[in-house]
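Let me begin by presenting the structure, written as structure tokens, before commenting on it.
Note that the chains take the letters A, B, C and D in the order they are written out, and that residue 1 is the start of every chain.
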């Protein structure tokens, strides 16, 4: 048999849990994030012979996260990810490429006059993935996940293919619910990421609500288009949106009608719609989505 | 060996997922709950011989949840649970006792002018457990879970037992974080459960924030006392509160101090504090907590 | 309003993850367990004023688990739990009662001639809960959970109550599947716990398979009875068994019959059957089940 | 701003739970799988205008899974996935490409003489991903996940980069544990997938055990190389292997040494090693890994 060779590879520390407190006198500020780093580069020797001379330990990557949190603080997650990614590549010649992924969990003050007490908000998680390589290429993808939304009307589904296995009846009024996972690519580095996030999130919610939907694909596209039409800094957006089925319960055996009032919210199986929208002149994505 | 006998038993349908929509013209209202029912009574024959003559199928229990949602609507979960529990006991003589547990997930409107579009709020889950038996005894326990809170200062821990396995250093300033699971028993049926829930939740949050804490037990007790001091309808409250440890990261190897700024949020193990507060003259709890 | 008082309470360290290796020359042995301890006693002061003088920190409890693992090894989990529970009560007068719960995850050798390489087995988790108090009362409950079993025939369900909400058709041949969670109480301390566990597990599996079932309750009872009839050291057993519904898919729209061949395995809702079997002369359970 | 366009997209039914029973007289056979299908093709209209004329509903995809399970049975999951993928593409001209992913959960007989009673094995999950497009290109990737393995000795880690954030001490004897997720690509369609799976699994386990490891990367590569050296039908294999850290507990405060005996098994963060091994002359992967 012919020779075998090493394929694509990367390694790092996943899910470093970091909470950063900033004290402004009595008033405290809180950042709660999970950081994952992945490095690649001159890694043939470590795979073939276990020679670790080019390996920055994952434990050191974790330490760097904590040390940088102290030294530079954690404001927008994209900026913190950029700082880390650049550091790994620039400080270690064998590391050619760094990927840093961050999740942020939102907290809110318990009340305005309780300056160091917080409750976790729940709802969606803010995310980002940053790549940086030794050729100076950098990509920034922002995102969110677990944004669960529902329209109780304004959704239809009909006119689809009828094959021999089709039993679904068409409907002109159904519940449409999904848990939005969206990631959007910035056309250039240096957005005001906090403001950008808030506005993209608002676009997503409003476009979801405003679209009279003939299919979840149509809603997805409308959400992406709204973001691109509104936010110049975003050049591409991608979605994974489960169709969280809400089935109308048949109450006729009990002599009751069900005029879109009582639903069974099913777990599995679920539809899964994946798709993206991008500008015609979007710059090359390089490794942004990996 | 002596004879074996049937011990305590109950059966039912767990986790029926119900979404109820109410349409007021253009404006829709949404309730999203999970209902679990458990029945007991004359169940010796079914266990010993498989004679199902006294068994109301769990499938019928599920159907009842959906039919009642249509017929009576779902407003406060305690009231809906009472309706179901009474129905099972009163309609079926072999059923002597019913337990109904409901969880409610909060949603909010995407915006005021989008009358049928919603986003799930996340954060805590509202709960209740209602018991009703054929002797007319009824207990109502309301609650919440997954209310994650954190004080970034105002918490100390010292003065504890030092045994040969104690290595923990005392501290006068630590992060205190927990995920509150609380259940509170109503002294009598018939509270205005919606208003009561909002007020108990507020008491819990405010007491958590306001208590300068020497131990999580002290905070737990203060939270319970605040509820009982404020809400006359509640006669007892019980908590399970994990101590979600936030460990200060040792940055000294990097020449950095860490003045309560950078924390590692640990998963396991965790402290677990369970305890309750009740009125001296609280009525007998009967089966309320089961 | 009348005075409020402290209710039942306990505290401890939950889910301490311990892996213990024993080296017999080249041949290694592995124990993989999760230990949770809960203590109670003179805890009024800590709740009311935050005075920790009677509090053995949960961190020290964790340390004790690791130190004892070194000093005494970990053989049968019940014996290790007894050791810990006794230690906490006997070494600290303010601690009146200790509860120790252990889960064990099974591993097997990758092969006989690879003496220090293991693969996790999956399947059920072995459990125990031990209580010990300063009056010398001790209870030992062994158990297992996540033992998923299925009979593809030999299960019927009919003859049940038909109320106005009943639509379930009777069946004389269905799939019966459940995830067994069982806990059994030892009549006296000092069983050979390893052998006992293997035999109880065997009884459970065989009784599940051998029972022609008219209801899951009947199967549950038969499983419990088999254990008590066979194992003299066990005086009571309790179960929680979800009815993992396997619904026959209606293939008639496609011109196909479905003679108990093609099933949809549903997640939620599910039936939940809880019940126990005990000897008529079983000793008082005290706090064994808490 | 320039025009926006539709990017890559696909849609389908995720996680259809199928249990298939085959009855050979008294002796039954059981297959327990989860099937996810994803289709793509002429989907511009549905995204831009909600015109569903090219959309085969995800509900019909689910129905097809059940109908095919009846008509053709489910033997090797790769073969069943191929059947489905071909059907979707060949029966619907607007569908240009189908991806079918299947997970299989293993069961074993409770005993040899109980011909229709089964217990779920736990341990690893078998997986496959099959692609087929209208140009006749087909790729088959088999795999497994959640295969948790541990070497209690024979693992070292030293000689790595020491930067200013490195504090990890080198070690010549540590526990090495991981949960193997591996996917391997077949060089051509038509392997005997059942036999192939068993042999690849054996190679993975044996190479894990046999490799004296200087890094998890080295172990990963050795596992991949063993598969390629042994199994001619496999042309590439990819891994994601978390380093499930087992930290030696410091028992010195208690006057105890810890000679690789007592470990804390940590949850997060964890190292994550991803990499692959392939033949130099492996055919183009096309969309195999997507």
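Here is the rule we go by: contacts are C-beta pairs under 8 Å (C-beta built on N, C-alpha and C of every residue); 3 or more make two chains touch, one makes a residue touch a chain.
Bear in mind that the values here come from a model prediction, so they are computed numbers and not experimental data.
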Chains touching both subunit A and subunit B: C, D
Equivalent interface positions on subunit C and subunit D, same or different at half: same
Mean-CA-position distance for subunit C and subunit A (Å): 38
Length of the line joining the C-alpha centres of subunit C and subunit D, rounded to whole Å: 31
Distance from subunit C to subunit B - Cα centre to Cα centre, in angstrom: 23
Multi-chain contact sites of subunit A, meaning residues that touch two or more partners: 17, 63, 67, 165, 167, 253-254, 267-268
Sites on subunit B touched by subunit D in the complex: 164-165, 167, 253-254, 267-268
Complex interface listing, subunit D residues touching subunit C: 17-23, 28, 30, 32, 63, 66-67, 69-71, 107, 110-111, 114, 116-124, 146-154, 175, 205-206, 208-210, 246, 249, 251, 253-254, 256, 258, 260-267
Complex contact set, residues of subunit B against subunit C: 1-17, 36, 38, 43, 46-60, 62-64, 67, 91-92, 94, 157-161, 163, 165-168, 213-218, 220-221, 224-225, 228-229, 232, 236, 238, 242-243, 268-281
